[in-house]
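Each remark here refers to the structure printed beneath this line.
We just call them A, B, C and D in the order they show up, numbering each chain from 1.
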Amino acid sequence: MRRIRLGMVGGGQGAFIGGVHRMAARLDDRFEFVSAAPSSDAARAQASGIELGLDPQRVYADFRAMAVAEAERPDGIEVVAVVTPNHLHHAVAGAFIDAGIHVICDKPLTRTLDEAIDLVARVRKAGVLFGVTYTYSAYPMVRHARELVESGALGDIRVVQVEYAQDWLAEDIETTGQKQARWRTDPALAGEGGCIGDIGTHAYHLACFVTGLGVTQLAADLATFVAGRKVDDDAHVSLRFDNGARGHLWASQVATGCQNALALRVFGSKGSLSFRQESPEELWYTPLGQPTQRLTRGGPSLGAAAAQATRIPGGHPEGYLEAFAQLYREMADQIEARHAGRACVLAVPGVQAGAQGMHFVDAAIRSHRQGGAWVSLEA
Amino acid sequence: MRRIRLGMVGGGQGAFIGGVHRMAARLDDRFEFVSAAPSSDAARAQASGIELGLDPQRVYADFRAMAVAEAERPDGIEVVAVVTPNHLHHAVAGAFIDAGIHVICDKPLTRTLDEAIDLVARVRKAGVLFGVTYTYSAYPMVRHARELVESGALGDIRVVQVEYAQDWLAEDIETTGQKQARWRTDPALAGEGGCIGDIGTHAYHLACFVTGLGVTQLAADLATFVAGRKVDDDAHVSLRFDNGARGHLWASQVATGCQNALALRVFGSKGSLSFRQESPEELWYTPLGQPTQRLTRGGPSLGAAAAQATRIPGGHPEGYLEAFAQLYREMADQIEARHAGRACVLAVPGVQAGAQGMHFVDAAIRSHRQGGAWVSLEA
Amino acid sequence: MRRIRLGMVGGGQGAFIGGVHRMAARLDDRFEFVSAAPSSDAARAQASGIELGLDPQRVYADFRAMAVAEAERPDGIEVVAVVTPNHLHHAVAGAFIDAGIHVICDKPLTRTLDEAIDLVARVRKAGVLFGVTYTYSAYPMVRHARELVESGALGDIRVVQVEYAQDWLAEDIETTGQKQARWRTDPALAGEGGCIGDIGTHAYHLACFVTGLGVTQLAADLATFVAGRKVDDDAHVSLRFDNGARGHLWASQVATGCQNALALRVFGSKGSLSFRQESPEELWYTPLGQPTQRLTRGGPSLGAAAAQATRIPGGHPEGYLEAFAQLYREMADQIEARHAGRACVLAVPGVQAGAQGMHFVDAAIRSHRQGGAWVSLEA
Amino acid sequence: MRRIRLGMVGGGQGAFIGGVHRMAARLDDRFEFVSAAPSSDAARAQASGIELGLDPQRVYADFRAMAVAEAERPDGIEVVAVVTPNHLHHAVAGAFIDAGIHVICDKPLTRTLDEAIDLVARVRKAGVLFGVTYTYSAYPMVRHARELVESGALGDIRVVQVEYAQDWLAEDIETTGQKQARWRTDPALAGEGGCIGDIGTHAYHLACFVTGLGVTQLAADLATFVAGRKVDDDAHVSLRFDNGARGHLWASQVATGCQNALALRVFGSKGSLSFRQESPEELWYTPLGQPTQRLTRGGPSLGAAAAQATRIPGGHPEGYLEAFAQLYREMADQIEARHAGRACVLAVPGVQAGAQGMHFVDAAIRSHRQGGAWVSLEA
């Protein structure tokens, strides 16, 4: 299968989400990362480019120049990932849309509603593909939740409870130089909405994605609990849905003790669902008048939607892949250390550990053959 | 950073663990996959090679030929991943060891203890690196558990409870053509130990890895519950450790209702730990006489060992990366469909979904400015 | 210790909460149940009185007559429990207040706000004691939660999330003759508030009780999802507290899959708390920047408030008392059956079961003395 | 319904389990507690008798005298509860058995196996009823578990895992004057088995009770981790059942971080069950190849056995009764303080709290009628 040529704007040294996009793009081996504008500072852009293993000629300080140049190359990028702070999404995405290049853009879409409306129009005009990384909609159990609702298993949806609670802004870390906090609490960079934009939009999308419903009216109580902060850090939003369902969305970045506590509950006339992002392998489903069922990724009774988003068997939480990758990373470190003549003691189990396993099996079989007697491991 | 040249034996069409190894090798972008012996059948080997995007000249039907040829090439593989059924581990790993190529080998190490002892000797002689994929030892919270034990936080270890329970062999699916079940229940392919070898070795390694203790004596009660099966499908093993601690290991593949329920509990004179692989983001720690603490990946009070195995922030379970990858995969599908002129309707959120998020933020701020009044979403 | 003389209005045949009040009154042996007005129908009142083992002379059909008569007796009741449907609370409680008798009254206090205000005034005038059974405020871990907030451990309270979700009214069972449903959905008997009064008041009291805060403003969205129902069956209420904290209260009786899912979370500037009534033995406490702690009834680090409400040791959930009572009940059944010459085979373990335990201990010690060898139970 | 006359031996001042027995006997109002031998010291016996509200003539220092005297009275006790330390069970129970009085006896049955065998014979000869308080067998969900196994829902039982883990003896508190620890670690008072007798017998009974199976063979590894202790404080016991099932029992009183972690898992050819005593409201049931179900006390799909042991509705954990009792206890304290002219400020919600609930309902309805507008609570 050929690989799609991918570019990236943002995601240079010190950034967070750019690295996540790159790991994600590698996982299924469908993309080839060939170009980037990682910084508007030319020297820093080139330094990042070298770290990323890119051809220096395809590393740009100016994203507009990148859009033009890549659109002209016969081997130019087919799609760009936009991973800058929010205030640049509109200009960056716009430049690539206009150049006829597909876009993968982080959320929230833009800094203002007007910018968002403008992007919608330009995407339509240019005819390019445009994806927004509302990541949580891609968990297998979220896909299954949506499929269950669509199937009618819940009956008419009556109540929707969604929340996204974090605590990383419980204190004013934006004044202490924390880069992620600084831009997210600056309306000029993040938009007027603070918490409501940064994570409220995730919760909102998740609720609409799973239920298939739209919100017609809302009433919001936004609060700023940390003194001096310029945007909301807590948002309570009452919701009325287009089918008459009621709901509530709570987003908070001052919810002490919460890391990324995104949770959705949907109650219908025939059943209910509950999903917590921090335990993404499970979905709780209760048909009215029957016991609650714990549905698991890869487990019994799941359908096609979950299967399509599943790579590894049930019971191996998805961190299994990362654990596997960790062993490969440590093996790489060992190989490179050996290559360079450096000492390197790492945790990856070695052939001795492998042999110990066989000693164990051997002793177990010896004991078993003696009717379960105690035996020593060194036979 | 340069990429290490990687080969693979096994993992052709229809295999499971080979694909996991390849995703793992890609995640951190430290390896370049350049050669394979995916099948002993030449035609099938070439077909798999094409699927994997390999140079046909570096796709082999004979792993011995591969070891020799790759060792001779100046751009030959530096390390090979052995992902065949157990009975081939010894011959395959041995061929590459003798060719001076590093090895990453799946577990259990070999089919018999003698083969394992032989490999240990040959690794020592050849001086190559050899890693065994006891994957569970690489979870961040397992690394932290080990660090806690080493730090003395648990005092003297007294009791170790470890278990690995599955139910996929609760019925005799090996007679129905299920490939994974067939070789794992055939002593000629899997070894004398069935369940004890396949998953008991994982549990055994995890217990030793975290506690730093060795087992000196054991008493085993192996059972075969499914009629006609030739290997054990359930194993109870009582353990005595080298420091006087006692323990029990239970491995079962007939434990109805369990997917991959690997769990470890360690009790010491000053505290205890509990880890469940199916919830790998958390580790429960109780200092004697104090409340139980829920330690989380990326959360407060973790140390260097966990950090070294952590890629993404706390509260984003590691499946977050897969969800992200899923959006990229779906974007790739859309781009390819567009490329080929095919229709393709997929779940990846589009620019409209992005704009809906901005409509939501805008309405929330409008409501808030009106003292929390209800407002419509279409302003 | 002398026992206090207790009367009851309501709680006759077919009632639910009256029996709970009586068990509660017996548990600590502080009350003597001596009088009742279990029904306004004289014959049914007497029948209930006999079942309850009361002196027929002290069983009344008219609660007003009961108040007068008992107030005049030298051995008259000192306190009355009011366990009627809501619409009678005002008249019944009022009659006993005016007779100078203390009152224990079920919640919600009355059918209307005016009635409640009237009761407050009459209690003040009569100088009697008056308790409302907001039961959930008496759980040991709720008492501890309140103590933690009072101690300042949470800092300034910022956000309060409280909910009480049930599903027993998800369908229109009030039209099928279900007695509990019928009066609770009839505004003439229950009051104008349906779900908001029946369980919303519990959630509201719990939030105020634990935080020590008052609510100054609210915005409510009440809904009736079951066609034909005359009161709300779902209530979303946004809250503003007197210290500036924000919050949300959700009460629902159509929340499919929920039994009595009362839950409270309190987030402050220095820490947070989470309590779920369905797991009342535990309270989750997170100091900002530290791991979450699982506090348990009877466990480490609890204070005086929880201790004062605790009867049995930690780790024995309070259902332990009921299990114990069950064995006594079954022993009573056996004794009575024996008394009456009837056969009676019940689950209470007998002397054989006791002896089997000793066989087990004996065999364990025999095995141990043989170095852990397998032994048979019949020595 | 008449009340059965109950006596008690043991359970005087400073004792624990006697008070539990008395609360249990009161809960269903089936017993009248009329006689006791709370201490072998005459003065202490009388002091305890006064506290317990007993007729001084029926308080005894000598249990043998009590058995004789009560057997002769026309209103003598019908049943005696034996709540002494283990070493007295045999003599005490024997005296009452021989006097023709029914017995409720704490576990383990006796100090030695010989004593147990003797009691079995004497019960048979005397024809009295004899109950052993294996309390955990009386939880509703344990009763349901047994019913499920009996129904064949699990198929053939293959594996049984049972454990009872505590940590209260993790240090040598028996040398510090802790009374419960002292007699439990003294073989002369507790018997040869320490942990294996004290809590191992509970686990053993639970496993046999639920599965209906008997144990034919076992292999035990008993350990004493606390220096100087004279009995085992940790027991690993491998089990073979009469139907061929295998199992393991772990009992420990040095399991740091565990309070009363009694847990049972049963795996059969068609399904499995899991019960944890510390969450006694739920039972996890997995039919092979289907999602795991969370069965709850009072919830859907339960049968007659659980119903027979259930007093209050589902979702109200059984601690609900205790919380209710707590309010009654606090009301009693207030009444007595008033009676005695003492001040008494307690947590029981008063009429003001009741009225606040009605203010809340009133405000919610006002807001709702204004389309969900914010309103103040003081109208």
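Keep this in mind: a residue touches a chain if its C-beta (ideal position, glycine included) is under 8 Å from a C-beta of that chain, and two chains touch if they have at least 3 such contacts.
None of these values were measured; they are calculated from a predicted model.
Engineer: From chain B, count the fewest steps through touching chains until chain D is reached.
Structural biologist: When the steps are counted carefully, the minimum from chain B to chain D is 1.
Engineer: Just grab the chain with the largest centre-to-centre distance to chain D, centres being mean Cα coordinates.
Structural biologist: Looking at centroid distances, A is the chain farthest away.
Engineer: Please report how many Å separate the Cα centroid of chain C from that of chain D, as a whole number.
Structural biologist: Measuring from centre to centre gives 21 Å for this pair.
Engineer: When the C-alpha atoms of chain A and chain C are each averaged to a single point, how far apart are the two points in Å?
Structural biologist: So the centre of chain A lies 43 Å away from the centre of chain C.
Engineer: Please compute the C-alpha centroid of chain A, do the same for chain D, then give the distance between them in whole Å.
Structural biologist: Centre-to-centre distance between chain A and chain D: 48 Å.
Engineer: Mind pulling the chain A residues that touch 2 or more other chains?
Structural biologist: In chain A, the residues touching two or more other chains are 219, 221, 238, 240, 258, 292, 296, 299, 372-374.
Engineer: Quick check: in the complex, which residue numbers of chain B touch chain D?
Structural biologist: 154, 158-159, 161, 163, 167, 170-171, 219, 221, 223, 225, 234, 236, 238, 240, 246-248, 250, 252, 254-258, 267-272, 274, 284, 286, 288, 292, 371-374
Engineer: Along chain B, where are the residues that touch chain C in the complex?
Structural biologist: 219, 238, 285, 289-296, 299-301, 372
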